[in-house]
Amino acid sequence: MTKLFTTAAAVALMAGTALAQQDTITVGMQLEPPNLDPTGGAAAAIDEVVYANIFEGLTRFGPDGSIQPALASEWEVSEDGTVYTFTLRDGVSFHDGTAMDAEDVVFSLNRARAEDSTNAQKALFAGITEVEAVDPLTVRVTLSEPNGNFPFNMAWGDAVIVAEETIEQAATTPIGTGPFTFTEWVQGDHVTISRNENYWGEAPALATATFKFIADGNAAFAAMMAGDIDVFPVFPAPELVSQFEADPRFTVIEGSTEGETILAMNNAVAPLDDVKVREAISHAINRQEIIDGAMFGYGTPIGTHFAPHNPDYVDLTETSNYDPEAAKALLAEAGAEGLSLRLMLPPPTYARRGGEIIAAQLREVGIETEITNLEWAQWLEQVFTGKDFDLTIVSHTEPADINIYARPDYYFQYDNADFQALIADLAVESDPEARAAMNKEAQETIANDFVNAYLFQLAKVGVANANIEGLWENAPTQANDLTDVRWTE
Amino acid sequence: MLRFALTRFVSLTLSLLIASLVIFAVIEVIPGDPARYMLGINASEDAVAALREQLGLNDSLALRYLDWLGGMLTGDFGLSYTYKVPVSELVMQRLWVSLPLALYALALSTLIAIPVGLIAAARRGSAADYSIMGATQLGIAVPNFWFAMLLVLIFAVTLRWFSAGGFPGWDAGFWLGVKSLTLPAFALALPQASILARVMRSALIETLGEDYIRTARAKGLSRRQATVRHALRNAMIPVLTIIGLQFSFLLAGAIIIENVFYLPGLGRLIFQGITQRDLIVVESLVMLLVFAVILVTFLVDVAYAAVDPRLRRGR
Amino acid sequence: MKLPVQLLIGAVLSVFFVAAALLSFIWVPHDVATLTISDKLQGPSPTYWLGTDHLGRDTLSMLMVGARTSIAVAIVAVGIGMAVGVPLGLMAAANRGSLIDEIIMRGNDLIFAFPSLVIAILITAVFGPSAVNAILAIGIFNIPVFARVTRGGALSIWTLDYILAARVAGKGRVRISVEHILPNILNLLIVQGTIQFSLGILAEAALSYVGLGAQPPTPSWGRMLAEAQTMIFTDARLAILPGLAIVAMVLGLNLMGDGLRDLTDPRVRRARA
Amino acid sequence: MIGLESLSLSIHGTPILRDIDLSIAPGKVTGLVGESGSGKSMTALAIMGLLPNGSDVSGAVRLGDENLLNVSERRLCDIRGNRIGMIFQEPMTALNPVKTIGDQVAETLLIHGRAERREARRIAGEKLARVGLGHMPLTRFPHELSGGQRQRVAIAMAIALHPELLIADEPTTALDVTTQAQILDLLNEIVDEEGMSLLLITHDLAVVAGMADHVAVMKEGEIVEQDATEPLFRNMNHPYTKALFAASSHQPDRKPLPVTDAILTADAVVRDYPTARPSLFAPPGRFRAVNEVSFTLGKGESLGLVGESGCGKSTLTRAILGLDPIQGGRITAFEREVGPDFPNALRAGIQVVFQDPYGSFNPRWTVERLVSEPFHLMPSPPKDRRARVAEALTDVGIDPSAMDRYIHEFSGGQRQRIAIARALITKPDLIVLDEAVSALDVSVRAQVLDLIARLQAEHGLSYIFISHDLSVVRSITDRVMVMRAGEIVEEGVTETVFTDPQHDYTRTLIAATPRIPDDWQEDGQHA
């Protein structure tokens, strides 16, 4: 009787949902964005709401990670590779009705690279020497040296085009050029956006979309189950995903992210300045156990700092295969038995759970670890800026970021002149084949130097109502592009 | 009465001033740079420096303290670092969740506890008394966040009577709002009601042993009449104290429950403020909560006077 | 005299957990530091009496060692509260109405005015999360409790004639506080201590639950609950067992506290006789 | 009209009352006398049907043709307050502190449905006027009234419905002697005018002698003797009655010692208490508890200090003991000024015995430790500590083997003896006896007074004997001071003061003290 009632209620509920939600969607997100200005903060949650929905750049990431035209319909590169000329689309206007033209592009780029700029990815604009509006629909950007990555740089959320008149209020009421306009933000609960009827491209299928913020895995699960949330693109608790897989109402979208999850080591201080110790640690780690234990099976083992879905990826997992005996031998060889290391863990589950597993694995080869859990702010201060750590676990989610190994002052303090030269060459190389070869060399170099222990590529495990299509599978950048999302019934 | 109020006011101000110093000092020594937190892992040093300058983090401590204090006196709590909106706006928004939740939980706890405590005291030693006391012992021992988890499991996931959490906003309709606060309010109220019922019972038993109850009985009042007409009001004094304490607790102490039900309340705002190093939000909120507690204590004192004529004239 | 039933039940429950905690020092069914991920999320079996968690650790062993953490944190926190609060309370009572009394009591009020969980969060934000800082945070809020109970109890004793007699015998305030007041409020303090102990266990659980208490790999009941929270739909056992442990331990301590109060409260004793 | 027939009571199996037979005649005052624990109050509660839980009662309480032990609780509620009213000992706690006196009196009428609210308040006003509180607004709260006034309110409540029987359980024990006289007068008047019966329960023979028509004497749950008042006092057939009587008018056998030079002098002593500030910034107010008191105490002298509660006796005592600072004048003992710097060795010369035998001892100490506590005053504690304690205990009539026991094992009288032992341990010259016998039952009190007299003779002690009880002061002191509102109003040789009081207040005090008529005592008295 009770069961019958429950089922009937569930059916009624679902029917009601389907009818009422034809062109609206509720998207679940674990973290609330602190503000909605993608040019003024690093929080991934900002891009997850506004990228490609409210704000657009000259170029953009496609669902497969490719660089596609956005506000610039096309661009040309000069022979020496230092001058980019972008042609803007005609008839693009901001949500407040004002036209978007070359002056806005000049303003946006100059603002981002200005001396007092607070752009979180200021490095993206570092090579720019001049930005000019040739005519209202043409912009010329001059670089100090050739940069094959420049269109890629311009696709980032931090490089979106904004209007001078409205940028000050972007933190709370963002005004962009995208297919959705900002409607409301109930702090602590949700952000709602609505269809931009004057969009320059094809108008989206959805009339409104609501991003609801649910930090707690349980609550997220319950909200999905109750139908309060239609899609949770990055589901916070992998251990619950199997429940959704068993339920025909839902589809589980498993994709890849740009997040290389690594056990970072402080290369500059003893005993981790000894490559043998680092190698030993790499061999002591059983990646599959970490993926199973911490991520409930979601994740791809990696052997270097490169995304496996990238065509230039080299599988180097065998270089640092799980071999505790070898690890012990290496430690003995390095004269580093009875090590005790500090393991600093930032808040994400992969780090906290992974840290416990790694601690247990290191103990097996005779390395004791002292775990300290840190909040992000503390982690940034102590580990990232202060470099006061031995080991830490973190996922580097920026796309194509192997170049961080060329920065000797970067927190893991890898200092290899050859590698730095290689990355410098790579930056100015625009021939795809040459770039591929150099990428491979870079991957191998850091793998053979055992700079860090490479664990796994962070999976993007999303859960969605089975009747929704058009969602991104992978996460080439942190975004929830809703342009092509629609209900199938 | 005026003199009483004046004296209280002076000591209240002094307490608040000391509290503000303590809060400011504690929060300023929290490691972690808000600017770097906001700009993240790839930010360049000069961007961070520029943001620090913009946020006013480079001013001297004393200057910032005075600035903050002066702002609060004029009702200006400053601008949130991360949200970039006035703190007062943030707080007001959250208050419309936390305050109703606290009041709801308090009402539940009081409505449950007072009759239950009354029955237990009136039937002292009976089976009803023993079961009530046993149940309240259990109620006190249950961690409220665990109880909340169980409530979600039963009422949201299995029975689907309530949504698992979230708050649609009062705009979505009054009853919808009340509904979404119901499970959290119950989770909060259970231990509070247990404590209150026990206090009610023991206060009542104590009063029932007083001489004036015997006097009342000698006048011909039945046991029930003596309890209702004479014991109840006297027993309310300790009960009021607990209710006052509970209110303050519920206002600020709901952090965990707010997390379980993902309610956008004050507690969560503090938690977020701390993780995001939005120091100005944290400082102002803690200050506000301390102020609320001190105010409630004051109101409870006034309520005493209403209940007990002995306290009405000064000291 | 007949022991109250609740005292017996309470003592049995409390002793059970304390014994389990002590036993964990010399023996647990499985080492909690070793992860057997291949055995994760198993139900109860002859090997794992209460099953395993998401990292393949034995739940029973985790509960036993977790009891150790909870009890240790609570005991030290209560110890701090007593060690600081009792002397303050005695001092305030001995100098009733003086400036020192006023300062101590206003200081108490001030601590009470701070939302405890928020302060605990702030403390751990400053010093980093750890069991020690959880102890500190819980301990600080125990100070005014003990100061108040001590002062209240001491004040009523200060009015008694034997205190006058001691003063006539030339004894000073400190000496009277130690010789006459303290022994006579000891029962009050023991009862309050039991109650604070149980509150300490709840507080530790709450702090660990939000990640501010004991740090991995040290097992703690609150952390077990936090880790099991998302498992409640798949393996409710993991979320229910630590919760039950907390409830049973706290219940035991509260029953014991109430029983002790009944035993030592002359009014109740008289009514019983 | 009310008759107790073979009333027996046990509570949780402990027998409390045995075969009580008592009939209370209409319009008369029946006195029920006995020492504490004799079962007087339980008898009253049995009549009211207000016995505690666990009571097992048999026999009969006849009111008209009903046995109150058999009627329903509802019927009892009708009777209580309506046909039987009752007042209790403690006026300070017998009234509900949060209700006005008017409401509390009116409630009696309301609860029995005798009047509507407005009418009930009017009658309440009348009844309050009847008990002498006509000037008192009905809206006053109990805490705004004095003890005597509260007892009047309690009486007004009890007689509001003109009951047939009024039970007064120790109605004046907690009151000062002058107030007691007024309340007793009021009760007498009411019985006369309204023709109700009064069951007056008291431990004080003198009170019943002056009030009752018929007296019953209770001991250990039984009525040992009852009769009309005068014959009972004249005959005293039962030995317990005789003993009780003897004890209550006991005169210890003592001779004044030769008084030598002064050991203690008070010269214009002033003791002020700070009170609440009259306004926020004004200095705190002052209450003068002791106002320019001067006296001299010679060695071997016994000086009495009498006065009603709040007159400043205890404050003066504390000043003499050097416990509190004084704000004016000086106190000199053994030729040194008493104060914070008074040397311990001299302090040992002044010891004290307090009133409350229960609060005077730390319950967690052994008797040895308790008695030897004043050794703290000596630069080094004596080697023969146990012997000294044993000696002191023997001196006060306690077996020295009691040394290792705890105080709860002793009765009230024994405790007062131990308190005296503690005072003797430093071999003092002066002992301050602060209401030292006031809390004791009469028979025990007589023994302790004998002890006090004997010790003075044996050790040549000086006493300051503080009491509100004039007859006790008269029996044990050489000289007496009468204190009122912080001032000594009369001072002189004890007998002179009592037989020929000079001050009006002294006269009032003496007149207010209830006495058994002298001519009844001829047969009974033996000294």
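A, B, C and D are the chain letters, set down in written order, and residue numbers restart from 1 in every chain.
We adopt the following convention: a contact is a pair of C-beta atoms (placed from the backbone, for glycine too) under 8 Å apart; a residue touches a chain by one contact, two chains touch by 3 or more.
In this text the structure is predicted, and so the values were computed from the model without any measurement.
> Please tell me whether B-C or A-B has the greater number of C-beta pairs in contact.
A-B
> With chain centres taken as the means of their Cα atoms, state the distance from subunit A to subunit D in Å.
87
> Would you mind pulling out the distance in Å between where the CA atoms of subunit B average out and where those of subunit C do?
Averaging C-alpha atoms per chain gives centres 22 Å apart.
> Starting from the mean Cα coordinates of subunit A and subunit B, work out the distance between those two points in Å.
39
> Provide the C-alpha centroid distance between subunit A and subunit C, rounded to the nearest whole angstrom.
So the centre of subunit A lies 44 Å away from the centre of subunit C.
> Return the residues of subunit D touching two or more other chains; collapse runs of consecutive numbers into ranges.
Not one residue in subunit D touches at least two other chains.
> Identify all positions of subunit B at which a residue touches two or more other chains, and write them in rising order.
Each of 31-32, 149, 157, 259, 274 in subunit B touches at least two other chains.
> Where in subunit A do residues touch at least two different other chains?
Where subunit A meets two or more other chains at a single residue, that happens at 216, 218, 347, 375, 378.
> Strictly by the criterion at the top, what is the full list of touching chain pairs?
A-B, A-C, B-C, B-D, C-D
> Spell out the residues on subunit A that touch subunit B in their complex, using ranges where they run on.
Counting only subunit A, the residues touching subunit B are 6, 9-10, 13, 32, 34-35, 37, 40-43, 115-123, 171-172, 186-189, 212-216, 218-219, 222-223, 225-226, 228, 347, 375-378, 380-382, 384-385, 396, 398.
> For subunit C, which residues count as touching subunit A in their complex?
Residues 33-35, 37, 40, 54-56, 125, 128-129, 211, 215-217, 229-234 of subunit C touch subunit A in their complex.
> Which subunit B residues qualify as touching subunit C in the complex?
That would be residues 11, 15, 18-19, 22, 26-27, 29-32, 137-138, 140-143, 145-146, 149-150, 153, 157, 248-249, 251-253, 255-256, 259, 267, 270-271, 274, 282, 286, 289-290, 293-294, 297 of subunit B.
> Within their complex, state which residues of subunit C touch subunit D.
160-162, 164-171, 179-180, 183-184, 273
> Which residues of subunit D touch subunit C in their complex?
Interface residues on the subunit D side: 12, 318, 321, 323, 344, 347-348, 350-352, 354-356, 359-364, 370, 373-377, 419, 422.
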